[in-house]
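To start, the structure itself, in structure tokens.
In order of appearance the chains are A, B, C, D and E, and numbering begins at 1 in each one.
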Amino acid sequence: MTFNAFLSLLHGAGVTISVSLAGIALGVPFGLALALLRWQRVPLLAPLATVYVSLLRSTPAVTLCLLIFFALPVIGIEIDALSAAVATLTLNTAAFNCEIWRSGLMNFSRDQIEAARTFGMSGPLTFRRIIFPQLWRTCLPSLVNEMTLLIKSSTAIAVIGVAEITRAAIRIGAQTYDPLPPMLVATGIYIVLVLVFVGLQRFTERVYGHAGGAA
Amino acid sequence: MMRDFSLIWQSADRLLDGLINTVLLSLVGAALALALGALLAIPLMASNPVLRLVSRGFVDLMRCVPFLMLTYLVYYGLPRLGLRFDNWTAGLVAIVVYNTAYMAEIIRGIWSRLERETIEAAVAFGFHGWRLVSRIILPQVMLAAGPMIGNQLIQIIKDTAFLTIIAVPELTHAANSIQAQYFIPFATFITAVLMYWALCMVVEVGVYAVERIAERRR
Amino acid sequence: ATLEEIKARGYMVVATEDDYKPFEFLEDGKPTGFDNELLVELRKFVPFEIRQEIIPWSGILAGVASGKYDMALTAVIITKPRMETLAFTTPIADATHFYVKRKDDSSIKEIKDLTGKKVGVQTGSAQLDKLPELQVMLDKTGGKLGEVVQYGSYPEAYQDLALGRLDYVVNTIINLRSLVKDKPEVFELGQAVSGRTVPAWAIKKGNTELVELINAFLAEQKKNGNLAKLQEKWFGQSFPDLPVHFEP
Amino acid sequence: MTDTAVKANDISVLEISGITKTFDDKVVLDGVSLTVARGQTVCLLGPSGSGKSTLLRCVNWLERPDQGTVLLCGERIGMRKGGVVPMGNAELARLRMRMGTVFQHFNLWPHLTVLQNIIEAPVHVQKRRRDEVIAEAEALLENVGLADKRDAFPSRLSGGQKQRVGIARALAMKPELLLFDEPTSALDPELVGEVIAVMKSLSQAGSTMLVVTHEMGFARETADKVVLMDGGRIVEQGDPEQFFGNPRTERARQFLQRYVSA
Amino acid sequence: MTDTAVKANDISVLEISGITKTFDDKVVLDGVSLTVARGQTVCLLGPSGSGKSTLLRCVNWLERPDQGTVLLCGERIGMRKGGVVPMGNAELARLRMRMGTVFQHFNLWPHLTVLQNIIEAPVHVQKRRRDEVIAEAEALLENVGLADKRDAFPSRLSGGQKQRVGIARALAMKPELLLFDEPTSALDPELVGEVIAVMKSLSQAGSTMLVVTHEMGFARETADKVVLMDGGRIVEQGDPEQFFGNPRTERARQFLQRYVSA
């Protein structure tokens, strides 16, 4: 592998990082919003969220990406490749995150919510002050699971010409007929990247592990 | 578009073969990954730091490695060490090893936030080891983790699609073959998505049933 | 878009692949290869701007089908099923199918030795469609086609061939020659296993005016010798007797 | 004991009438009516499963009764004027804010420290000034003997300690009506005395309390009115002297007898 | 009251000596020694936070004491012979199986019905025959007045009902030693009477009990020995007549005084 090839891998890594971060930053709160709709059984919106989750979870990311990029313009919505990539990852991960948040919400202590209500806390205030500070800790391992999957599956966006790490590696391999070295380097980059998230999870668990617990 | 679908109808047998492979791989993969994931959660929660470190190392490694890469390693790498699987087995091994780690982490996450008191009560009544895990802890975890485990089961179904690179003739493999042959991507995708959707529905019905059971106990 | 629409808006969009050496690939991030050099000439030929998108094969399929790209400027092999949805330009090369085998495998010497052996091809590829022709050849010697394994792309098939999971792989002469040149110690080129096969650029079916414009360009390239020069440069040989219209 | 007659003339802080509640075909409350006048301390007695907790939960509308009305200082809880349209959450919250509840199972918030548990609602619901609330909370903690646990998390407290935090948390709201669900059931006798002292001083300061309890001593000494429930109904109510000295119903006699023998 | 003198001559079912336990630099138990003879009922009294629950938790080794030994029928708990090597979980479980615990906060298993909660350990730990255990469990449920809640889940029970299930669950183990952590704290007086009747009959059938309680009446009537803890130490122990009638220490006098006044 030449130095230039390595540079193009690094460039791919930059694309993967920025697209993944955008997907996570948008997808995690979007998933939470969907979960709240379902948890509160909001009429009309809750069933819609259910169908959304069901459909989006079963659509492969590559397919979703192609549909967004190539099919949306047919109905008059023009979208550039990078936005389509971020939209793909966001919409996809939000469906999975919704289920994670919902799982946490359903298991949240009813007694604590009741205590909050008797103290006159409104729904949003209860959520902000009582539920969420505990909820995210319960959901963290699974959320990070989903983040790792998102980063690794972000290669799906290559199909519309966004050259992230894997695509960069494939391009190098296609040129040299020796796919292994660029693939190994790409894998190494993935491992380092995901390790940052996993490490942050472990660190957070250590810091917040002691406070709380069941009252 | 109608003509596209009629072209697909002509290749229905290929899609059906793919679907059967996908179902088999998902079913066996999911069952094994869930069972092994539950087992792996035990060392993850162990008080012995060595056990904990080793199992966590495995889990975090799997979470870091791209699934495609793992599949490559199992299929093309292991033969160099003298371990040779056919593509179906290699695919299954990759799916199980990879998803076991994810399942274990999901289960550990819920487990670590179970009410300590109910577990202590069980310990005080003489439960320990596997029986404590299987009778008191896992049932509570499974009831609480329904949607999260459902997520991962759906990931397994979709992971089978990656096995197309090692020539496992599953659903995506069949769909790709048809779309490239006739150059009709969208009709093929829609057909495939509908088929995957049907499979995921099975998972969703299961998750819903678990939620019902859990609801009655809350 | 039709030629009229293209002229009106002032540009056309073509899609090329990024991992299809020697037709199109990237060298230090810059597109190069046979098709990319032709694209330089095409830009000079047409009276409008040409925008290029570099996309993997599966994206090209979807893009041309949806009309986002006006032309797949890549070596799309002309087959009957594809002609149902696509229009093809004048062929740009010869892509008759050959087989490749492991160098150390002495059991295969000629076509009839292929009987019952395990073959790898790309899924949904033209190569797959061509296998019946090999079947016919084998029939003549009383043999039969062995198990067919379909791969997502060729590099994996070559890997499995090297590992001994396959006995031979079928692909176009151009690709195989390029492969054998790179890995002479592992692979060895065999004989032709199909009749004549040609690749061309693909345009959405019905867009005849655009096809005609591109055909005019290719005819000019043929006449001024540039096409032959590029074929020589990238494929190691030229194909002077390519048909203008090809019916598979 | 304070003068019941005078207090009863005041406006009722709580007026429960005809509350019925059914769980899975099982009638848990069966037409319960009860009033608590300003400044009164009403004790709710009754065997396990008689519906005492459920009645309290109906008062702050955690449980929606099937029938009946609950009025807090004349304002209807849970239903808008007219009694057909259910109240919005914001309205409910405003009414609930005026009641303080101490739960049978404490229900402390595990992610907050003792002090944070206490100031949470006054600061974020009542929007009172943080430093002022903290000062009050510290005084309350002093009162219930937990000044040193100020920054501990609930999981580190013993049962009695948790319950005392629960009481402090309810008091910090300065509520018009205090609801207690067995506030002393997990406290040892020493602390029961202290807590009762706190409650008495509250009573004198004009607070109104509805207390579910098994502490007959407390009921006898502190209550202005004693109510005995059984099987979802009120079987007897009256002032404690009469109730404990000379119960009118057979059921009450039976209930008290067991108590004396235990 | 049964004859303490005779019982004390029997072998000790429980022998605690010199237990010390520290949490974050805070000494919670400070050299506690205590024996419970076969058939004895020992009541543990003391103010909140004095370490009563922690002592019980040390007995079944849920909490590992820093120092001291616990013997169950002469067998050391938590440590292998020699007292250096900690016990394996299986060994510990075998010993714990012989003790039944009723928790202050019930700690029922939420995923199991009332009946399943009761039969879980006898069937799966003690490996007794299922139908036999079910029959016994039903009889126990009858005893504690919960026959109709057989198939309900714990979340649907009132506080007192949960506590009674907890008691039935412990009794179903037919344990050699029963540990109660405030078993009656959430019960009404009527039930306290019933539960105490159950406990008395157990006592007569030869069961041995260590009971943390705030019910002075119960301690006075049922205990063979009363132990007062304060600040992690035993400040006084003796037979109930002497303890309640004529306490030796100032601390006990003070403790009892509060109780009487409450």
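Keep in mind that, in the parts below, a residue touches a chain if its C-beta (ideal position, glycine included) is under 8 Å from a C-beta of that chain, and two chains touch if they have at least 3 such contacts.
Keep in mind it's a predicted model, so treat the numbers as computed, not measured.
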Q. Can you list every chain that touches subunit C and also touches subunit D?
A. A
Q) Which chain lies the greatest distance away from subunit E when centres are computed from Cα atoms alone? A) C
Q) A-B versus A-D: which has more C-beta pairs touching? A) A-B
Q) Which chain maximises the distance between its CA centroid and that of subunit D? A) C
Q) Which integer distance in Å separates the CA centroid of subunit D from that of subunit E? A) 30
Q) Approximately how many whole Å separate the CA-defined centres of subunit B and subunit E? A) 46
Q. Rounded to the nearest whole Å, what is the centre-to-centre distance of subunit B and subunit C, using the mean of the C-alpha atoms as each centre?
A. 37
Q: Using mean C-alpha positions as chain centres, tell me how far subunit B is from subunit D in Å, no decimals.
A: 50
Q. Which subunit D residues sit where two or more other chains touch them?
A. 105
Q. Which residue numbers or ranges of subunit C touch two or more of the other chains?
A. 58, 62, 65-66
Q: For subunit B, write out the residues touching at least two other chains, lowest number first.
A: 117, 185-186, 189, 218
**Q.** Which chain pairs touch, all of them
**A.** A-B, A-C, A-D, B-C, B-E, D-E
Q.
For the complex, give me every residue of subunit D touching subunit A.
A. 60, 62, 89-90, 92-101, 103, 105-111, 120-121, 124-126, 153-155, 162, 169, 173, 179
**Q.** Contacting residues of subunit C [partner subunit A, same complex]
**A.** 18-21, 25-29, 53-56, 58-59, 62-63, 65-68, 155, 178-179, 182-183
Q. What part of subunit D is in contact with subunit E in the complex they form?
A. 23, 45-49, 53, 104-105, 156, 158-161, 164, 182, 185-193, 196, 214-218, 255, 258-259, 261-262
Q: Flag every residue of subunit B that touches subunit C in the complex, lowest number first.
A: 3-4, 7, 76, 79, 87, 164-167, 169, 173, 176-186, 189
Q.
Residue numbers of subunit B touching subunit A in their complex, please.
A. 56, 60, 63-69, 72, 102, 105-106, 108-110, 113, 115-117, 144-148, 150-152, 154-155, 157-158, 161, 172, 185-186, 189, 192-193, 196-197, 199-201, 204, 211, 214-215, 218
